[in-house]
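Here come two complexes built around chain A, the first alongside chain B, the second alongside chain C.
So, the complex of A and B:
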């Protein structure tokens, strides 16, 4: 076979995708680098772009509002992924064995996964609306608690955590279940014959065999929770104050409410940089573990 | 399933009774908010502000009829349909070509290309709204035409997260088709493109269907880019949801009706690919 010729066809087949991704992904990336070195605020005196070098980035590292949203995003992501992983694992264990109505439960359980994030936010907003939402109403009626996501930071956080758990635990459960079901039974049988107790079995047998699937799940969930913003925006509107304002919403407001394009660009680039670093670290952890297993 | 964990003695942590209790509670927890959404959509603007009543005693259909009669909302729905469908078709075809190339040729540097695609999917859309907004409004401009507020613009931008997803998902599927089939056909003097359409496409048809459905759902569900890259003529149904809250004071009944309508297509699609949802959402990394 003519190798040079066939390679050319390969690149030809690949090129439309590269072209589209180049236009949709690469062009904005370079443009944001360019704008990030300028001061460009529609409401400022100059109105147009003024080259300022790295001044935006110098401001950014001392911008406590921005850094606050960034750390909140990371904390949120870490907390939800941890909770969902633990819950998902327990629930996956309960689904290993077949039982009547399992298919029904599973089908219903996975519904939230395909609901649009903005609709999820709307749903939970209705659940928690003051005065006429069922959650604050019944908490007050039965326990005398005041649940107000608009006034209490803690309660707003409980609300968004609950929403995210509702939205994504099904996904974690089902991937872990798929991983568990792929584990062969022989080593487990052998271990139980050898007298391993339940804890040992989980710690030394099930978890190591499940590790690749856990890592993939964590990878996807962390990246997605870092991206998400519209459901939280819909539920709490970033409040009370800025206590649930995540970095995406912060950029959105800088760009569209304040129209500070230059500064917004430098934020976008920094967030993009953080995401790529985290993505790369997780990706390496993922593939590193897999190749070690192969050896 | 003979050698699987499910058949071993390991599974006895939960008794059958506990399982039913646990999963009944979970079902209520899962359906509760969706049910409440439906309840609210059945209430008149006055009833909505009453004490929460979990039972639907009367149905205020006007929330729905109003939404369907509203020309604006109808346009938004049509836009969503056009954008999601065109994007899913485009992405599935492009990804089919790309993954055929990635799995059947040893292209130099294709691994890096492959990794680069995923960074596009993982990048926060918030980082892309500003540059895309500026490019759409200020850079790509021919006379009166600009990409801002056009469906073409949205279809193109949605490739940013859908195309990498489709490439990753389809790559796993195409790798599952044995190379021997290709080689046998090539020996019989079939061209590479004939191999693609006569052998790969029929065998990968379920994978292509899953790819199409999931990319469609992602495009249909997208909010942030649609909200920032359109103003009126290309706005999608998801942006309507946010409009109910921000501009006119919240009209909860209609908001709930629109949310139900916006959610239905995705749920209907889900029932088709129920079995493949794990494979799909993990980019093909976890098989079920």
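So, the complex of A and C:
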């Protein structure tokens, strides 16, 4: 077969996807880069975009509100991804085994994944609302606790952590379960014949073989949690004070409430940069260690 | 089935059925918000302007007046003209995001948008809006005989430019009142108990000290009854708390226009945002949280209304648009017939004199209009709708449903007078005392400054910083932001 013809056909077949990618993915990305180098506040005295180069990024480095939301987001991301990974792994292991009503349980268990974050936030808010929410009511009735996410920073954090863990642990479980089911039986059986106990089997066999799936799952969850916005916006609105204002919500307010498009765009790009760096560091930390061991 | 046996019977049946039809037509007219007498003109105008069959799209806040537009005025307009009106009623912040992004990007999605009195200055500066009065004046087919700019109250002046041209047709105006529970304030046992404790009569407060005492008294009284001393609109993360502080509380202590003077907020630069008067008022307001229901730190203007309607507060600052349903709608409110309206308490008695002379004001006069984006592809059709909703004949029922008044004549309408009695004189109060209240200052940097100041207010409400620190930092941030924006 003619190689040139084959290449041309390949590009022709790829072109619709590339076109969509260019329009839906790359064009907005380059536009955000462009806007990020401008001062563009709808309500400034001088209307329109004014080129400022990297001034927005210089300002961001010293912007305590932005840095505060960024550090808060990193803490949130670290906590939820760690807990979700551990819980998800345990649940994935339990779902491998057969038990009564397994299919029903699995279906119900994964339902939160398909609910939109904004709906999750609204539901949790209704459950935790003062005056008519069942959670504060029952906590007060049975334990005498005053649970008020609008007044207590700790309780607001507990609420958003629980909400995220409830929402996304099923996703982690599903991906890890798929990974576990794909592990070949032979090495496991061989290890069992060689007398490996359960811990050794998991530590030296299952976990290393599951590592690529764990990595992908962690990357997806890190990226997701770093841009958490809708559910937190609904549940706590970033409060009390600014204690649960994460970087996504901060960017949203800068762009939509303050109408500061230039500064908001530069924030978005900086957060994207941080996300890439974090994922890269994590990837190297995990795979580097693994490759050294292999050598 | 009824059998008609002869001609006389047939004739009688025809007369009866005709009468029934006429009566039902009258009934349906009176049920809608329609100005039936002018529907023919609007139908003809829609035809001439080629609007018939077209859809115009609008966005407004989901409030009682906004809901009335959707449920009553639009169906009547659609029936009269053959046009379609697609109105989004959404949250306050989302409404603004949608409208501003559309007008800034010139996408032309919306044919009319809600313009609150406080944001019109920004819109005019950015040339976002079509000149409604000029467009009407230049097009004879667009001049509805039943529409007259002159019939609106002086509130319409907020939507005029320096030349007197109108950019918005007022659709709501009301004051943020001091609302109190008459059943509690007039209960003889409660009055005696209050008198025994404070050596004075239990009457609505006229100053901060009295208000605080009443709040403390009812919080103590309400233990186990789910009644607290006051509402506080102290949500954090939402500008509602900023607005209650800057537009309803600080003015009562003599800090007007957000404490910004000639583009400066710090006292050092000539402003008063960080002045002692501002700090005292802020401390008073945050202090009220101890006597407020637990939901107060999550309460916007909507939740304050529902808290009061649920009977969970004895008094509070409540947006007037909620007064009608709180006072009359038994399906939503537990305090029907038990609502009193009066002037808010003052931190400084001089404020009343300032308000009478026009030098200051003692509370917030809120309201908005529908404006037509200059980028709309259906400007004429949209203006046709604006005139329809701006007719005198649609105002009274709208005023009863949304406790808003934009025309002087609406006050004397029997429907409104009946509601006035049911609301313990809210409408009369608005007519007589309205001039003591004022809308937001004419700042073109309104949203930008609000967004840099509000986080400090949130942190003070959350107890992370003191109220004094919060205003010091807020004033500095406001100065820096105004400088950055070029003001």
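General remarks:
By our rule, the second predicted complex is superposed on the first by the 259 of 295 C-alpha atoms of A that agree within 3 Å, B and C clash if a C-alpha of one lies under 4 Å from a C-alpha of the other, contacts with A are read in each partner's own complex, and residues count from 1 in each chain.
In this text, a residue touches a chain if its C-beta (ideal position, glycine included) is under 8 Å from a C-beta of that chain, and two chains touch if they have at least 3 such contacts.
A quick note: this is a predicted structure, and the numbers were derived from the prediction, not measured.
With both structures placed on the common chain, the touch criterion links A:174 to chain B but leaves chain C unconnected.
Ranking chain B and chain C by residues of chain A touched puts B first.
Once the two complexes are laid over each other on the shared chain, residue contacts for A:217 go to chain B alone; chain C is not touched. Applying the stated contact rule after C-alpha superposition, one finds that A:14 touches chain B and leaves chain C untouched.
Of the two partner chains placed around the shared chain by superposition, neither chain B nor chain C is touched by A:88. Chain A residues 129, 131, 256 lie at the interface with chain B in one structure and with chain C in the other. Within the complex formed with chain B, the residues of chain A that make contact are 1, 6-7, 9-11, 13-14, 16-18, 20-21, 23-25, 27-29, 31-32, 35, 91, 93-94, 96-99, 101-102, 105, 107-119, 122-127, 129, 131-134, 137-138, 166, 170-171, 174-175, 177-186, 188-189, 192, 198, 201, 206, 213, 216-217, 220, 223, 226-227, 229-230, 233-234, 247-249, 251-252, 255-256, 261, 264-265, 268-269, 271-272, 275-276, 279, 283. Taken in their complex, chain C has these residues touching chain A: 93, 96-97, 100-101, 104, 122, 125-126, 235-239, 293-298, 307, 310, 312, 444-448, 451-452, 455, 458-459, 461-464, 484-487.
Against chain C, the residues of chain A that register as touching in their complex are 41-47, 65, 129-131, 136, 146, 148-151, 153, 236-243, 245, 253-254, 256-260.
Of all the residues in chain B, the ones that touch chain A in their complex are 3-11, 13-14, 16, 18-20, 22-23, 26-27, 29-34, 36-37, 40, 48-52, 54, 94-95, 97-98, 100-102, 104-105, 107, 110, 113, 115, 117-120, 122-135, 139, 156-157, 159-160, 163-164, 167, 186, 192, 217, 220-224, 228, 238, 241-242, 245, 252, 255-256, 259, 262-263, 266-267, 269-271, 274, 277-278, 281-283, 285-288.
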